[in-house]
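As structure tokens, the structure follows; a few thoughts come after it.
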């Protein structure tokens, strides 16, 4: 059973930056773009990561250091064993003329999406943004891809500004309006993409994150307020329709105890 | 799983004689000729019975009253529910020019064998014997079948005498010598068939019975002395080769405790 | 009349199927989603006095025959949970069962009091049987009939008119004797069973237990026969309604627990193995079954596998 | 040197795989057949002073995740079994473990004495934990550490130089504490675990428990995690060799029990789910595994999943 634990040796590590690496692992499971796996670092913890690419015998995950687990993971070397299970959740729809919008590490799942679209000969445009060049994984690869436009807040690479600034250009440049907007990245960015898509009446699928423990819809940790939708099963990719039942956008998310931190003054229920 | 218990309603009961009936049951399992099922009479016990025929949606078992369980079973009527599991064990080889030799209720598994041989267009001769007509199931059916020769000890039907008396005639009457001798019936008869087949250098497959509890090779109840062969798994149909490793032929069989009753003076180890 | 309706300690559940504690039980919205899927009652995650983050992951480990879990009683604390319960009650008419635990016997009483000061659930469920916090709390209280009875008494003293179900573990010489002790101490219902063991699975390559907590409670299909037997034994021993729980994923599983004596049937792991549709699927099956047998309620099936009753009605 | 050889209480088993008691264990010939299939030791069916026919059938009930059994200790009696053991010993060099039980504490001692007066098995296994004769004998002794220790003492007093393994049940608050009490009373080894529960399955159509005995012990794949944890706990608590038993059908299952601390690995239900080839298959796997890890015996793997040792050798 794919949901049961299997450990595998790391085959290769690609260091994009000191704090950003891609791990190449044996392909013991098949993931759709947007689906994620749980990665177990024996003796440490287990955390969710999107699959960022695959080959006939390998899958890749791309990890950014943000805390204790990801830092330990980035210290792993080829030959070290990781536990792997999944894939969990539901992925992006594969649609011709997709518009991919990624922020920082959110470009990881979009990379597998771009790979699948290419494999099927489906056209897409990919707006890949980050705060700075160091936050963009696979920079070389992205720069070589004619379907990609790069954005950094600090202008260190690509166009200066956020991906949202590329939005109007992208709509103008594509011969037909995109048939699907696929977004992954920080939640404020996603909510902005959602808003923009609503304005342009474009269908949208966005990849959200919540604290996750089980990945199989039991622990209740990732259930969204309002509809009670489980991000690990019915997500992490949500359609506009799925997003509508949710009342917690903009609120600080629930932590590992299930408690939502007290609302900061700025946040408001939409 | 076929080994787990399922209860089914009895569809039809055919009374051959007061003490001999055939039960028609829904076909929840597929048996090869010689294989057996376990029949559970809720609140009473569970015992092994060979499958004696099948149809597209039914299987049949044919039961002779010999003790408390079989007597209770013979009182069951259409609509009553029996538990059924199996099939257990290994069956007869389907071979053209088979010689079937059955004694009494032993003709039950041979009936399914004859059915299968007929279905495949394979020729056979069937010597069906019993002590008296009342011990022969499906008498009408047998009498109509040109491949069958009947024998009763008391001559109440068919040729008088044992099936063994038909043996030489049968060998003479068939154009080619039988390519396989298939026997089922009381153990002394089986051992006689074995001996005769050895004399004529004919391959033989015989259906034996031992006290059985589990049917799946665990309880150890049906293991034969010598080779330790499990009659419920490697049998109940044994080849000459399988019979050779066995040292208990002629001994009173082990009972439900696993103990072999003290040897009666007559019995000797062959 | 709804033929599937059952009464547990005076509370009517529109279906016998109950969401078991610890599954999708952290928020009003997820409880509501399960209620909408067809559950006749929903149970919250077990809550204690303090917020707990639980154990590191892996906390949940499916294998071919069931699931090990060592969530470690992650919960937002009773005060927060009271808010979720209130929100649920505002949004749904399905009864909600509030599950509580304590690290000490006294804490059970305090947790009950703190919760009930804020909200009035349909039932209170007292989890004396969590198998995966042993390293921290020691053996589950449910291993000890006297301790379970004392806790029952402490909670009853604070519960007022809210009926109290005690959730038991199989990991003791006789679950029926523990149930009897709890009944004597005033329990209004018994929930049985909690996950079993605990158990452990080891990855041979890294030579470590896979769960961060090393051990975790066994639930799911593997434990169905244990749950059926537990319900059977309890039903023979105490006259309380039983929320029979353990390994239910298929309609026949629920029916077995009812025939063994359960009034209601808890479903936890079945939400994973059978999907959220598990509630609707089993409801339809039970309704059809009643129809086919010409019965107007589940009453005639409850405990019907016990000899005294079954001999009158059914012969082989 | 045979890399798979292990020593249990001074007795060398050429493979760690042991035929568990109650499976193909009634006759010399069937034990011999299992020895020939690759078992490193074979255990007889548990025998008592008197011949017993056991419960009516169904006595054994496979379901998707394991097996319920309520054979009811059918056995020919120790005197008869002594004859089978002698015959086995004349035909095989594989150690034979004689399993005994008693209806009372005193009967255990008598059964041991009667058996040993006739034959000298490699080990004596004391089954204090049969879960399916409760209606007749009451709770298994193994639920009670003191009773288990007394029985151990009684058997040891009669056993002379034959080492004694005590077979334990999980159905108690702490199996490790029972093991400790038995160790203090002189046990030379622990066998763990016996089948679990008991459990029950009900046929909804006839509304009856399927087993004639109503309840039966749960074995097979469903209980592997419980066996791994039991062995883990016992290994941490007592320094005795453990015959880890429960749910083993695949090579990795056996390895998990060894990593948890078992010296030998019992296989019962696996003879059904994996066929008699299960012994040969696991032996080859273990030999290959040792080879690949560059190890000359199983010693380095035994208990290797325990933190103290694993932290030295293995990081994530």
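The first chain written gets the first letter, and so on, giving A, B, C and D; residue counts start at 1 in each chain.
Going forward, a residue touches a chain if its C-beta (ideal position, glycine included) is under 8 Å from a C-beta of that chain, and two chains touch if they have at least 3 such contacts.
A quick note: this is a predicted structure, and the numbers were derived from the prediction, not measured.
> Identify the chains adjacent to both chain B and chain C in the sense defined at the top.
D
> Where the centre means the average of the CA atoms, what chain is farthest from chain D?
A
> With chain centres defined as C-alpha means, what is the inter-centre distance between chain A and chain D in Å?
50
> How many Å are there between the centre of chain A and the centre of chain C, using C-alpha atoms for each centre?
Computed from C-alpha means, the inter-chain centre distance equals 36 Å.
> Roughly how far is chain A from chain B, centre to centre by C-alpha average, rounded to an integer in Å?
66
> Check each residue of chain B and list the ones that touch at least two other chains.
Residues 42-44, 81 of chain B touch two or more partner chains.
> Could you check chain D for residues that touch two or more other chains and list them?
Expected reply: 63-64, 201, 206, 208, 314, 316.
> Touching residues of chain C toward chain A in the complex: what are they?
It is residues 22-34, 45, 51-54, 56-64, 67, 69, 71, 74-77, 80, 201, 203, 205-206, 208, 210, 212, 268-269, 271-272, 276 of chain C that touch chain A.
> Over in the complex, which chain B residues touch chain D? Could you list them?
1, 3-5, 7, 38, 40, 42-47, 81, 83, 213-214, 216-221, 223-230, 247, 254-259
> Looking at the complex, which residues from chain D come into contact with chain C?
These residues of chain D touch chain C: 63-66, 68, 139, 143-144, 170-174, 196-202, 204, 206-209, 214-215, 218, 221-226, 228-229, 232, 252, 255-256, 259-260, 289, 301, 304-305, 310, 313-314, 316.
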